[in-house]
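Shown below is the structure under consideration.
Letters A, B, C and D mark the chains as written, and numbering starts fresh at 1 in each.
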Amino acid sequence: MGDGEFEYRFKVPLHDIDAAGIMFFGHLFRHAHDAYEAFMGAIGFPLDQVIREGSWRLPLVHAEADYRLPLRHGDKTTVRLSPSKVGHSSFVLDYRFIGDGGQLSASARTVHAQMAADGAAAVPLAEPLWAALSARLVDHGRDQSSL
Amino acid sequence: MGDGEFEYRFKVPLHDIDAAGIMFFGHLFRHAHDAYEAFMGAIGFPLDQVIREGSWRLPLVHAEADYRLPLRHGDKTTVRLSPSKVGHSSFVLDYRFIGDGGQLSASARTVHAQMAADGAAAVPLAEPLWAALSARLVDHGRDQSSL
Amino acid sequence: MGDGEFEYRFKVPLHDIDAAGIMFFGHLFRHAHDAYEAFMGAIGFPLDQVIREGSWRLPLVHAEADYRLPLRHGDKTTVRLSPSKVGHSSFVLDYRFIGDGGQLSASARTVHAQMAADGAAAVPLAEPLWAALSARLVDHGRDQSSL
Amino acid sequence: MGDGEFEYRFKVPLHDIDAAGIMFFGHLFRHAHDAYEAFMGAIGFPLDQVIREGSWRLPLVHAEADYRLPLRHGDKTTVRLSPSKVGHSSFVLDYRFIGDGGQLSASARTVHAQMAADGAAAVPLAEPLWAALSARLVDHGRDQSSL
């Protein structure tokens, strides 16, 4: 859903740069998660409340990133986040890190699985969360394939 | 107590360096805390157990550091940690960051207060903790002054 | 200068919380530095440019913080930053971390010294930097005391 | 090469735990990189020297991780690192995070490409680095496929 794509902005801070003079690759995931937190708040599921209420948990089971262009100190960056798959008990989020000139600097993906509060087993996504995520998909049909 | 001074070693990793080419000052506190965790384990109070048992908490109420020489990527560093004060409901830890050539690169200090499990009030240090910390002081007398 | 006090806002992210359930104390310095970067940009000295041009450096020589109230996941926080001293070759910045209800959660202080590009010696603050920082002081007189 | 597999140990520190009570997923990459730095030192290419000499660079072009079991505060963890592919101008490292009881907690992979010092183009892996990495492969044959 092009118009629904979520945007999160940041500027690469001094402390994200490493000894090689570019953003340390691991920090990309911190920014991706900050974008994810902002996104979850925007769609009605602020993570701090979700965690405090404790009814369910959404741990990451997979994360990956591709680095195309170095991110440097002071670079203004926009993270474009959208769900690419919403499954029975998990969902996939895609992130594109776009530089000030419109160039794609990096992309990332995280896979989240809904677990029961005791963490022992995957459970179906809560219906309101499933609906909110699906509304952000390009194709709104519930994906029944296993993730 | 020279012989009791606790030592913790680390090598400055690539990701601790910032855009100015030296260790980001805030990361010194991460290493100080890693040394503190190792120290607490060594004197019989591993923090993970203390936190899980939940009988008391030891939040930091103050932290400070002086930076004398830049820490650079790959620098082998020894943290020398010792309590400098053990009070009624709080204690002070001092840290010296020593480089490979024996030079003092930085020093730090943290002040910890024992709180009841609900965090609402400072409580006297648990007697075994007080004893273990005091045994590491140069002067073993219980300091009665307020911190 | 009350009207000139600089404000920087952030929301405590999930990854800043530690095993004790509150913001890890060391992360306060990361947020303080993010505020400092924003401040330096606002007064005309964006750190990324200053570092790239390489004419001078502003390493921290001291940092400290006092923690009054725990910062928790999701807490909306405002950092109020102001110079409290502008000396011959160094300056002091004070930070107050204010919660959503107006309460003071923490305060911090950083001391920065201007060094020659080779890092070998403290040098007088560049005049435009001195002027920009002094304009933010309550008392605009140049402080001649040693820091 | 079973006997050549590199091991790096760490204990999950307090500050790696997040608001959900487990290690923040992004920190796994910091530990992976610490293991990589130790590995590179062990095979004769300490990264701090490589970077200072500046003859070539090894930026990450891809990183990924699978999270199987939560890592908790105090967990003693061994990272087992080995190259899984050594190509013309890039190489792949695999990491397994093994808990104290021998369980696989997480796995990760990083892909590194050798770039000319100006970062403009991928260049063939330096011959000594190619040889050192290949000696750690199960199959020592040089992989000619593109990565």
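The rule we apply is simple: a contact is a pair of C-beta atoms (placed from the backbone, for glycine too) under 8 Å apart; a residue touches a chain by one contact, two chains touch by 3 or more.
Remember, it's a predicted structure, so these values are computed and weren't measured experimentally.
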item: Winner on C-beta contact pairs when A-B is weighed against A-C; value: A-C
item: From chain B, the most remote chain by mean C-alpha position; value: A
item: Chain centre separation in whole Å, for chain B relative to chain A (CA means); value: 35
item: Length of the line joining the C-alpha centres of chain A and chain C, rounded to whole Å; value: 30
item: Per-residue multi-chain contacts in chain A, two or more chains; value: 14-15, 19-20, 24, 26-27, 30, 33, 47-48, 51, 73
item: Topology of the chain contact graph, where touching chains are joined (line, ring, star, complete, other); value: complete
item: Contacting residues of chain A [partner chain D, same complex]; value: 19-20, 22, 24-27, 29-30, 32-33, 47-48, 51, 57, 59-68, 70, 110, 119
item: Sites on chain A touched by chain B in the complex; value: 14-15, 17-21, 24, 26-27, 73
item: Complex interface listing, chain B residues touching chain D; value: 11, 13-15, 30, 33-34, 37, 46-49, 51-52, 72-74
